[in-house]
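There are two complexes below, and they share subunit A, which is joined by subunit B in the first and by subunit C in the second.
Moving on, here comes the complex of A and B:
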């Protein structure tokens, strides 16, 4: 007597197996949609932008003619803005993370700060622009200056860096800390000389990634008044300034088609800077990755 | 001579002990000050939140002293330069963009997550996942450029479409939030223990059935939370809609037309020749307040879902 009727099984499961195969292909195809879109975007930008991309484009100031326009002011402005944002956010962000991970007691207040940081990370960037407009531009009377933009961006980046630094600090194993205490080190000595160095690669990677996010931010800087036509590089914190995304936005908005090619060239420069920053972050992560 | 040296040495030792004690005192003081300094850093993030709420509330109150709040919330005409402040067209504009984005992003993001978590080999996943995350790192102004100069002309081949329209902006916003849904949902699915899958497979279920009947229900809370979070991101998205969706507020759900979202108006209001202290200036904050409330509700909802419906294994 045959216990298993193969034909019957085939008949019954054939449809289900086929369904599985169909959906496997479908799932794979939808995954590729994102990738196809990414390559289309890059292809489009590269083919449009390379024509305008030359040394003059990088070293020129804005101009009324597409051929003479350049991104120099934006490039330098973006870098200067990051020079303000980086130290502020690293000091305050890492300080906050150390407090939350090493010092804070598990109580309501700590939970409140933690939840608050989580929610801040979800606030649309343009709302930070409104905050900067009221406080930095008008209340503190900084006007549309580099420092007002820098402080606004710092507040925007801060929650992201805190979360990244917290993760890095949490990854430092307890026995390293206990060994330090066992040698008679105080809490702060342990944090400063043992925990921080161990967490530093993680913190740096997280910081660079959030800064690269900030370099591409446009909306809050439009609100706090980054200008579009700047013919000199900022020479003080109270100078007017512009950044790359603002210039790209401005070029994109012009009706003549020629300007779109200029915008594409600007996008290539912006993406190159982002790529460099990400490469540095990955390099740091791989080079200094701690193995515990 | 020997005696004198001994005495000197003794003095030295006592001095050393004293110095050591002093040093320890300084360290102790230092140890006490540090937590306060660190607490100050932590308080800055709280101050930021207070600052945001304070700013939005104060300027909105000024606005509502000039414009009736009921007219603002129920008005169907948004043309601030002629004195009509009815926010509904901006809200429907934002909703329209969000709905289009969700239609694009939820199926694609979910299916990508299923593929990565259930079907893909480790090697394939290690290539595809970071590449998808590159999509999330591209500045939104670049997406806006792409929507305006590529998507819109592409769609115009198939249909009547104005240069600025909700459709291409919404589609591109959707593509922008795909990595968010894919990545967070994949995390949720990956944390479903393998024993559940193996149990179902042993019962003769196909991989597809395991996914649909075991993994998805088990990871449901994480998936829904990721979608809600992505919706919040779509609502707050600014540059894509400013560049590609236009600046003509319209109470319409027709995706081929030009519309304006809450965020796009804030940009327009802040860049035009709006003078400080004018009604239009304050209207930016009232619109910002509306936007803030929407996204905050979404974020809280997402956190609540992932806490409330989490399945612990």
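Moving on, here comes the complex of A and C:
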């Protein structure tokens, strides 16, 4: 007895193929929506900003006149902020991830921590700003300083890095860990010699991507008191500082048309730094990732 | 030594009363397993296993899939505890020392009881670093000593001639059979007493399999080998003793010739004659 009627299948096959084509077009269109808006944005920014973009713009401090104004304070501020955020978040974030993935027993408590970290990764950045204001600026009396901004930003980035590092650690095949344990290696030896080297590309890419998100953050830094116009670069952790997004925000808020062009030039610098960081992430991934 | 299995192991109470860890028993047995039960969560996987594993012999463990043979093997070096929900009861003595006792660290146990896994699992490192891994984690740093260990282990695993000119190449570049012999060399490098092998040839082609089997014969001069295999011909070819497991029970454990020519249990006979499994 035949349970399958091949003639019916034949009749329906045209429809199935057509449906496949329809979805292919739909998916292509959704991809282009993103591309169209990205290219519109880039086009606008580039046409407006390139006129103002020159070496002086990068090396000048803010000024009351558009053609004298520069982004030097913001650029250096952003880079210094990252120099604080990166080591703090990498050490604490990777440490947390190693503990949760390799050491902690899977019980309700660790599940609770796990769920909370994932929730924290989705908390709006302004909430972290308020937290930083309460703790670092007021409670620890750091004031509106670079270190207060850096620590606040670290809190913001930390959950994302923990989650990324956990994923990378989880992707290390179990059988190489077993091989190490099977020779009498301790957990730490296994983590240090087998797990971390294999997970490193994933951890670094995740870290750089979350840092490049942080470099564009504005809201939490406004709350913890980053300056809008500043005429020196920070010389210590307790200096006043500003960052590129705040500088750009400040320029966009001004009524004169010319300042908009300055802001566009600032956006180009910010995007360049972002692209550089992403390029490094891609480079690291390609360099180390063909291990398994 | 022909009558063994359950009747035999039930005579065991005299070892319990007799302070056997003091006498050392001239180490005729590397493992003495008594009344071993094991659960994965609430599901019991091993029932009252009793077995004395002889020294410097090849002990094969056969049985159908899911019979608990791999679980049993991994209990011997406590790798089974990597599964979080595992619980055990009973006793396993390694040369007279209880392996489940607090004073016997798993790291020490696994230094004495090495393991070769089902799938070749070299580290993403060079051939040299793979073999030197074990000695290094146990604190050996001198280059000259490591060089000697690596050469001895690779020779021991019968792969030295094939790889001696490319010790610094990644182990992934080798064939599956070569990789498995690298893994055996890696296990030999810490000079264990026992080598557990969990279906070491199941991922290999017939020629590589033959090489590994030949190697096992060579290794038993210096090591006690316990090998899990789903291949009965392999068990018959290479082992001195064979245990047959079924649904978590050890049905029969005796000399390999005896088990295959004259099994004492009907279920063993059914399995080895291919009536099921």
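As a convention for this text, the second predicted complex is superposed on the first by the 259 of 292 C-alpha atoms of A that agree within 3 Å, B and C clash if a C-alpha of one lies under 4 Å from a C-alpha of the other, contacts with A are read in each partner's own complex, and residues count from 1 in each chain.
Please note the rule applied: a contact is a pair of C-beta atoms (placed from the backbone, for glycine too) under 8 Å apart; a residue touches a chain by one contact, two chains touch by 3 or more.
Note that this is a predicted model, so its numbers are computed, not measured.
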Using the touch definition from the top, say if A:193 reaches subunit B (first), subunit C (second), both or neither. second
Any idea whether subunit B or subunit C touches more of subunit A? B
Tell me which partner A:184 touches in the superposition: subunit B (first), subunit C (second), both or neither. second
Does any part of subunit A touch subunit B in one structure and subunit C in the other, and if so which residues? 186
Interface residues, subunit A side, partner subunit C - complex: 105-106, 173, 175-176, 178-186, 189, 193-194, 197-198, 291-292
Give every residue of subunit C touching subunit A within the complex, in rising order. 77, 79, 82, 84, 106-111, 114-115, 117, 119, 121-124, 133-134, 137-138, 183, 186-187, 190
Contacts from subunit B onto subunit A in the complex sit at residues 27, 30-31, 34-35, 37-46, 48-49, 51-52, 55-56, 59, 107-108, 111-112, 114-116, 118-120, 128, 131-132, 134-135, 137-146, 148-150, 175, 178-179, 182, 204, 206-209, 229, 232, 235-239, 242-243, 263, 266-267, 270-271, 276, 284-285, 288, 291-292, 295-296, 298-300, 303
Taking the touch rule as given, give the residues of subunit A at its contact with subunit B in the complex, in rising order. 13, 16-17, 19-20, 23-24, 26-28, 30-31, 33-35, 37-38, 40-41, 44-45, 48, 91-93, 95-96, 98-100, 103-104, 112-113, 116-120, 122-131, 133-135, 138, 155, 158-159, 162, 186-188, 212-213, 215-219, 222-223, 225, 245, 248-249, 252-253, 260, 263-264, 267, 270-271, 274, 278
